[in-house]
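See the structures that follow.
The same chain A turns up in both complexes below, where it pairs with chain B and then with chain C.
Presenting the complex of A and B:
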């Protein structure tokens, strides 16, 4: 057990990572021209902190994750910086990336089914990643894998089983165990519970929260579910059509949103009733997300925003820098409290349905 | 709640069972072993009235979709009965089945795969009319336009567009229009908004709500997203492993759930305003396989309150209040009287 204790100590000594993303822009090359999936995005995750990156399908949140893991398709144009503990990790060679992936940034993917190899037992897959980065014997790596299984609530004896013998929730736990195995400074969780049933979702998220509390790794949680962010993350960045439109401390942003899109998201989010209390109807946001092959000149939300003016349609608001306090990319931030009151009426959002 | 007399029942399931045969292994078949039955739907009673949206919630594998498909007769039930306007249609075939399918429609989860990409919106909605040989070209055109109007899609601009030109929300509304064009009385909406972005879910839910009221439709709304159910449903049933474990008004189920499973299900829903006190019991294991249903109460293998009685005797759906029924020994006065070890969980409403 001496070797295992040493390995554990070595891994425990790894500091939580500091992640600073500055002016990140990513455009996929398509036959019809560049598709600007991410446009001038900045955010910061302090060491040991959690950031929730939320947005709807196509907003660019997964593209951000892929760029941090070096998983973008070849030929994609990327600009800006992503400083991990001060070192830019964008555009690293495959070789240099292997020093970053798993050891410094670990990814918890959405579909555990596809991220596990069906022909190897789970224990082999976890020990493989440990052995690739640490000079220890296979027995020690296996013992470490057993400890990781325990952390996620799986019996160590099941390490010898294959992915198909696990249920969906167990597979997701196995993927989390794998991500934890090298105690990377930054955890990237990309929709970690989306494909699961509600009770399992809740159990996995509680597990992730308690792991975060114990290990104090930095974490970026990518999700479409603002309530999951509300319960898990200290800070939030709301993305819309490739841009961060609002960011800040989670409770502040969700209680007093300043961007009309965040207000709309909140109105549209289904809530459980409280006995004896009447509740607001669900209000959807009219219209559709702009095509990022030809993004509009002005604010990208202007076409769906009930408060949009000519200014919004002709001039894009200033992009958000990575400030710690609440900020929104909206020309009329100073009128946010007035907008919030009007935004709660269904009629406000009904003007252009389609 | 208003006290108008209840509207007539449109669709009713009586002890409905739909079992499937598991494929037996070659060796099993050679040895003459009987293939095992998957009891996907195992004795469900349910009635939906005109103008009513009935919510059906539960996790994957609980049998919600099997119930929906059995009610519209995409599956032929293996036991029990389905009554439509008082008429037993459980095993009808041929013309009678075709007539029934005109009256009972289903909307699926994925509007990206349920619409033929090579047909225009107009053709997609017209197709059911052609299949059922309704009207001439002009009449069909009129009905297609009316159906589009009901789902708030401007007919003129959209009749000749293809599904790929539409957003997910618009596609789902086209799927609803296709179901409406036959003027059905009963619609099964199977997870109609779970593939859609949150910002547009409400628009589809609102349309379902308006339709049931304006056209007098009976709607079975199937969803794993319990929070959406509260917005449009008057009654809700919770399914677990092929059976209804709790049933009542939406308000009762969502604010004061009684069955331990329902309580856990409600506690699992995260909230924008985090509630530190939200009590969450970790459930043991996963939903058991419908091939291998535990004896006694089906939830007993995971239930934190389970006693010996629960693992041996199957509980019945018993009324606990007006229009509220629960399948749990904890709420069965007789069981509690004879088994003092049963300790009811504190209701979340208290």
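Presenting the complex of A and C:
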């Protein structure tokens, strides 16, 4: 058996990973005090399953992903646990991290525009990740890279080209090929389609879905696009201002959202018009995200929520402890169906004082 | 690519020609007489006229110029007025002496400087390493070359007596080519070489550091780190990218620094081109000065060309048209 076949065999044998994040809190150190980017976040990704982490920009979803790879800036305070197959990977040393990075968790980065080194050819950058962890020759690593290119639909001959010779979509596919190179048990996809046009977005997402179906890796998909999650992920966790406000099986959460923020988020995405019905207007959520240097005492969404009461402003609802069954961090979950009807009207979101 | 190189070479010839012509004119308009040095020794008018004719200084400026350029194109740089022998016989050995100091000195300065630059660049922002590194580099960069030389002499020659204070070898040293391989020569070489290295190091350090600082927050570095490669490998990626602006500065600076080595040569009484050039200017030795400046012009032009070509090798985004 050739060296490449042996390598492939070895990598194929890797099981999909189980990831359990418990009470993860992250605060960046800034000159004006700690910036609580992530506060008490818990979720779970079953082996071979896909979790969608959704929320508007600045809600802390990328920070969660970075913490799992140990990529946060030095001095950032992190608490909680992230159990990868039962082992906590938070706070590992650089040396210990090198055994986790890429072998157990691989990253598909946001904005593939700048995430490749401009002065190395793509092939060198992919083989670099293989050679860092596997004792194989450069030629074998290159052959493996060619196979990965094939999986993402790029000709292997273009491995010798440089990032600037690739279009945005090709670069994104190259980054995906790189993430697949060691068949890590868990894939973190951080806004993999954000910088692309809609057609390319769709192509990349169907590519990711088919790869997921073939390889059965576990995956955390970070996106602000609720439609992408609906198509791709079994489980969803909706983040707002550093907290998970609603989580559960994707279909349930999107059909019957219990948190007003999830309801508002759905309104903010375009729906195709149905013949005979009036066009659904796009409704945006008024107001801005609270300053996480000084998070509000009560519910963080209270300032923008059309249903907020004095209770919401004075007392924070209980944090979610898991993402398996549908749950929401809202004082008035029992009135969710009533809220849903009201939330569909544009006037609901306009009538806000302050 | 080939067309580009040929075109650049052609441009280089034009630049060198222009520099040569300006140099020629500058020496001719200087209000001094190249025979003055010899006149002191009681030379007759007739002998002086004979000398001027021998040196080709009797015709009109235009005739002199045409003759000079014509000789240059034939590779004839003329005879030194002072040494009374062909310029290249004078300059040849001096060039070798200068290269002995310049090449290892500049190489050492560039390698050490950029290496330290990577270290300082990756040190925590605002931390001790960064502050001390930048402070020292800025101070040393501001110090004139002769001060560095004199300081080295004061400490390692006068006070400690570890190294000789001047010259290229002891009085009784062998004068042939084999002299360069003796311990005595290396002993004399050490201080001037270190002076050149220290003189050249800070700029390399600062440029490399700012490149690394700029690069270390780039997205690609995050991905390289995520791949789980060693930290030195991550640092190498940033260094490799920072090499691009460094090279743009380095090669032209290299040529200029070689011209600046004249100071080091004088401080250490090192018999090199720079020192001879200063003497030749004061002696009104037209052929020798013009040839030395011609040499420097060619070096600077070639260094610029080399920088552009190396840049293309280092950065795949560069296209030569």
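Annotations
The rule we apply is simple: the second predicted complex is superposed on the first by the 348 of 354 C-alpha atoms of A that agree within 3 Å, B and C clash if a C-alpha of one lies under 4 Å from a C-alpha of the other, contacts with A are read in each partner's own complex, and residues count from 1 in each chain.
The rule we apply is simple: a contact is a pair of C-beta atoms (placed from the backbone, for glycine too) under 8 Å apart; a residue touches a chain by one contact, two chains touch by 3 or more.
Everything numeric in this text was worked out from a predicted model, so none of it was measured.
Of the two partner chains, chain B is the only one touched by A:205; chain C is not. By the touch criterion stated above, A:226 is placed in contact with chain B alone, chain C being left untouched. Once the two structures are overlaid, the count of chain A residues touched is higher for B than for its counterpart among chain B and chain C. When the two complexes are overlaid on their common chain A, residue A:69 makes contact with chain C while staying clear of chain B. Contacts of A:99 after superposition on the shared chain: chain C is touched, whereas chain B is not. By the touch criterion stated above, A:264 is placed in contact with chain B alone, chain C being left untouched.
In the superposition on chain A, contact is made by A:57 with chain B only, not with chain C.
No residue of chain A contacts both chain B in one complex and chain C in the other. Against chain C, the residues of chain A that register as touching in their complex are 69, 71, 74, 94, 97-103, 106-107, 109-111, 113-121, 128-129, 132-133, 162, 164, 175, 178.
Within the complex formed with chain A, the chain C residues making contact are 124, 218-220, 222-231, 233, 237, 240-241, 244, 314-317. By the touch criterion stated above, chain B contacts chain A in their complex at residues 59-60, 152, 154, 167, 169, 197-203, 205-206, 224-228, 230-231, 250-251, 254-256, 264-274, 280, 282-283, 286-287, 349.
Interface of chain A with chain B (complex): residues 56-57, 167, 169-170, 197-203, 205-206, 224-228, 230-231, 254-255, 264-275, 281-286, 288, 353-354.
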